[in-house]
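Handing you a structure now.
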Amino acid sequence: MTILELVQINLLSPMVLAFALGITATLLHSDLKLPDELYTTLSIYLLLAIGLKGGIALAETSLAVFWAPAVATLLLGIIIPVIAYGVARKIGKLNVADAAALAAHYGSVSAVTFAAAQTFLDTVGVRYEGFMPALVAILEVPAIVVALLIAQVAGAPQGGDWRKALRELLTSKSILLLVGGMIIGWLAGPRGGKEVAPVFVDLFKGALTFFLLELGMVAARRFRDLPSAGLFLLGFGIIMPIFNGLLGIWFGSISGLSLGGSTILGVLAASASYIAAPAAVRIALPQANPGFYLTAALGITFPFNLAIGLPLYYTIASWIVGGH
Amino acid sequence: MTILELVQINLLSPMVLAFALGITATLLHSDLKLPDELYTTLSIYLLLAIGLKGGIALAETSLAVFWAPAVATLLLGIIIPVIAYGVARKIGKLNVADAAALAAHYGSVSAVTFAAAQTFLDTVGVRYEGFMPALVAILEVPAIVVALLIAQVAGAPQGGDWRKALRELLTSKSILLLVGGMIIGWLAGPRGGKEVAPVFVDLFKGALTFFLLELGMVAARRFRDLPSAGLFLLGFGIIMPIFNGLLGIWFGSISGLSLGGSTILGVLAASASYIAAPAAVRIALPQANPGFYLTAALGITFPFNLAIGLPLYYTIASWIVGGH
Amino acid sequence: MTILELVQINLLSPMVLAFALGITATLLHSDLKLPDELYTTLSIYLLLAIGLKGGIALAETSLAVFWAPAVATLLLGIIIPVIAYGVARKIGKLNVADAAALAAHYGSVSAVTFAAAQTFLDTVGVRYEGFMPALVAILEVPAIVVALLIAQVAGAPQGGDWRKALRELLTSKSILLLVGGMIIGWLAGPRGGKEVAPVFVDLFKGALTFFLLELGMVAARRFRDLPSAGLFLLGFGIIMPIFNGLLGIWFGSISGLSLGGSTILGVLAASASYIAAPAAVRIALPQANPGFYLTAALGITFPFNLAIGLPLYYTIASWIVGGH
Amino acid sequence: MELTTVKLVTIIAEAVLEERILHDLRQLGARGYTIGTVQGEGTRGVHASEWEGKSLRIETLVPPEVAEKILQHLAAVYFPHFAVVAYVMDVQVVRGAKFGV
Amino acid sequence: MELTTVKLVTIIAEAVLEERILHDLRQLGARGYTIGTVQGEGTRGVHASEWEGKSLRIETLVPPEVAEKILQHLAAVYFPHFAVVAYVMDVQVVRGAKFGV
Amino acid sequence: MELTTVKLVTIIAEAVLEERILHDLRQLGARGYTIGTVQGEGTRGVHASEWEGKSLRIETLVPPEVAEKILQHLAAVYFPHFAVVAYVMDVQVVRGAKFGV
């Protein structure tokens, strides 16, 4: 398949179309409003379901296969925030807090982008390692810690409480559900998993579609901040994920991941967090401007990855890892 | 099947029974209360699911088959509010605002009554055109516009903002989800639809059951306003839908719809809106009494259509269109 | 299977693991919080689904088979609160109100413990009578009435409104949904039930898993009251259910229930209410300390039954009723 | 614009009391009320609302003598056993008559 | 600590009016607002919010002259046909300038 | 009926601060609080609460000196970087001692 065909398949998936419907609703000032509680419920469901499936797969994975991708993922979580911080400071001329905030977001990971990548590969018919959710969990935290450390070292003006932020980060709901779900899946195994599959497997794509409807509305609300965000942020929000995606695919391929697995590690690296990172950054670096990092992560990078990024990273991975 | 058998089948469906349970809960002053957020979630889900399935079907429909029912539906949306207004003014002696408000509600359509009609026909084993949701979308708006125009022309005392009402009507959540869902279904096609079918198809009847539980409670709360509503409203709430239903069935049969399709167009014509219309009317005609139009649409017509109307319209359609 | 194997199977089920995850979340002070509306929705869903399935089964049950277990259950609902009250007064030295409150909770029943028991038996592969949900409904109310009567007779200081409490009890949402669901299932029969099965059957275990995640958090919040609850409450919360469980199994076996049915009647007797009873007691016996009865029912007995009780009662039932 | 001073009584109460308190308010002369859902903590330990449902925050605009009666009633009937807190303040409204003043 | 007195205007309104009232508040000089969702009952019968969605409770901290204008506007535009109630009171804040005082 | 005057401090704050502010309130001498969820807009741009979760509206009934300390603390710690607004008013309660007066 050519990249254009892939983009088309991706854009015409119900999930991406629901995202577009959400954007449309906001741009038309529709009174459509999903209850906050639905959003929260769906995000809990998605994280738990991702973890659960990963845990079941992990139980059947030998350490020999798993360690190299795990280490590669950890390295990504350390390298990417450093690079992102440098870019934001040097090219973007941002202050320490804003640069570190961006680094935390782009180093960490978006579970929904991951879920969309899985669905995309399923549709295209490409296999990937079942333990990928474990890599999501591994990639989520370190980058945030690294970014906050950088801010600390670079002397961001005080005001935040980064010890507290770290503690809350490690017990934050996204980590807890992802890791908790994995442990449940690992302990319950395929038999236990089958009992809850009608909810946690069969409903997954539909729930994701609903969630993306809401995220489309959220992203579109960020669009109005785009003009004031400036050209740098626009460029950063598109070029940074492509660069990170390349890095992720490359790390994936040398650590032995399949084509599908490398694509997903690329997507993970390319994605920007918007659950764990904003909460931690708000507490540790309150002087950083949320209008800045939320706009970049949700208003630019997320739509880009969802619409163009998925087929793009897959195409690049095909070149690097070799055809399927 | 005789009409009595049909009524029995209909009354013993889980959906209608759930509606009765909701009524019972309210009459018994039970503390049962469905969260508002659940109600909102279910209504979003139902509209999106209806649209989605319609869009998939529409993609496989030729314009040659579709245009006549579409025009017939549009005509219904213009004729019914005019008749309803006349009846309310002449026989009911209502003031301009109240009459126009009723006209808007009875000209427009109730998506849940539509869903119940589909389910009823499925149970009885009668086929209908897949593109019926498109007719729901076509019938929803025009009648409201016509009714507001009538009020304008007939010189309802100012106070409302009907331009604003029209703008909000066209971007209202029910239109947006129905039309948006149809476009998604149309673009994603059967393959994309299959991915989300476990949520948007398999769960449909169960979700409808839940929704009707809530609607039963809402309808029963309207019952206490029945005494003050007077005899006219009671008669209007039952005879108007039967008349509109006849009109819809007739229009359906001459525009080439099947027995099932004609039944559904009859149901659409007979149903009274309680999502789009109340919101638009409240803004455009604030002087109209909501106790009036909500009681008629939700407290009288909706229960009547759900319990008696569905088998009745189907029986009438069998006579007009011919047996199956 | 030995009891240890059974305990292991039970502990490694996704449901029990989700409960443990909920406990962990609270103990770690995680920011994980399920929306109240989700909790309410799930509890409505579970009660309705339990009732529905019971009603369908009841339609196929002859009175000859049903009457003896029904009478046995009713007797349990009268005997248990009397014993529990005596124990709480004599051994626990509690005041009249607190003792009666405990009696109401332990005499009544927890629908979720019932659901977990069904799931456990399904996993182990043990059959049980389909009409068990009817016994849940029978056991729910009488014990609460008996306990409130005891308090009245024993002269609990006034302040409550026990007539009002009784009226609200009979129309409370748990009774209404359970009995209402049973009537719907009974009337709609297997054919109607099949239409809504994707929601009310297939999703049941997954929904229960979600619900137990929330209940784990609730139970863990009660843990902090354990120290002040004292040794008596701890003992009561574990020994009382074992005693009641024995009684239930015995009554079940002599009333002709199968091994699975006797196990479930044991579980019902052993379980402590935390939906109907707290609401009724709060109104009728406001002077009773909720920190007391909620801590016992939710913080001690529920986790004990869920983790250890289910396999324990099944093992005991195997001895009493005979192997399978 | 002429404003009238009325009393705003705010009541925080466990959800289980909703119907009873609203009934009482009507009996004592209040012509309307507004309810929001809240959560809270006070000097009393756990109350029934803590685990199921939230507490209620009820506001009612009333004439001074009704406010006084409401506070007296709450203090007598609910303060002893229930988690109920109430306070009253002066506010200005446009249409005093609507609230019985 | 020096405190400034500003006016707190509270508006209870059916949800359908949200956008319009917020727009009006901004026009009349309010620099911020806080919205909660509530339910209520008054002297008027059913209103649109009663069955779909709840009502809104809007609070805005404003200078006295803005409060006056808001009440006048509400009374003229919304009181006749909509279920809207409003009241105003004095409160103390730290940074008066933030609210236009 | 004898009423006591206490201070009602109302705080609007982004949800991420919940635990910290409640902890601070307890430290400063408040014996209880009531929380509702709200949404709002002010002079500051987007804050974290805007897209995930809502803001909080925290009310606490306290003696005047505690109210003063709370405002000072909020102004020093949260006003610079967070979307926090607070105001205080006098209200009458039945049992002043319950609130430390």
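The first chain written gets the first letter, and so on, giving A, B, C, D, E and F; residue counts start at 1 in each chain.
In the analysis below, a contact is a pair of C-beta atoms (placed from the backbone, for glycine too) under 8 Å apart; a residue touches a chain by one contact, two chains touch by 3 or more.
If you're wondering where the values come from, they're calculated on a predicted model, not measured in any experiment.
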Checklist entry - Between subunit C and subunit E, which partner chains are common? => result B, D
Item to check | Distance from the mean Cα position of subunit B to that of subunit A, given in whole angstrom | outcome: 41
Next on the checklist: Rounded to a whole Å, what is the gap between the Cα centroids of subunit D and subunit F?
Outcome noted: 20
Next on the checklist: Can you compute the centre-to-centre distance for subunit B and subunit E, using the mean CA position of each chain? Integer Å is fine.
Outcome noted: 35
Item to check | Residues within subunit A bordering two or more other chains | outcome: 35-37, 40, 202-203, 279
Next on the checklist: Please output the residue numbers of subunit E that touch at least 2 other chains, ranges allowed.
Outcome noted: 36, 89
Checklist entry - Who touches whom among the chains? => result A-B, A-C, A-F, B-C, B-E, C-D, D-E, D-F, E-F
Item to check | Complex contact set, residues of subunit F against subunit A | outcome: 14, 16, 20, 45-48, 50-54, 80-82
Checklist entry - Which bits of subunit F are touching subunit D when the two form their complex? => result 1, 3, 6, 8, 31-36, 61, 89-95, 98
Checklist outcome for this item: The answer for subunit A against subunit F in the complex is residues 36, 39-40, 159, 161, 164, 218, 221-222, 225, 274-275, 278-279, 282-283, 286-287, 289-291, 294-295, 298
Item to check | For the subunit C and subunit A complex, residues of the former touching the latter | outcome: 12-14, 17-18, 21, 24-25, 28-38, 119, 123, 202-203, 205-207, 209-210, 213
Checklist outcome for this item: The residues of subunit B that touch subunit A in their complex are 35-37, 40-41, 44-45, 48, 52, 168, 171-173, 176-177, 180, 183-184, 187-189, 192-193, 195-200, 202-203, 279
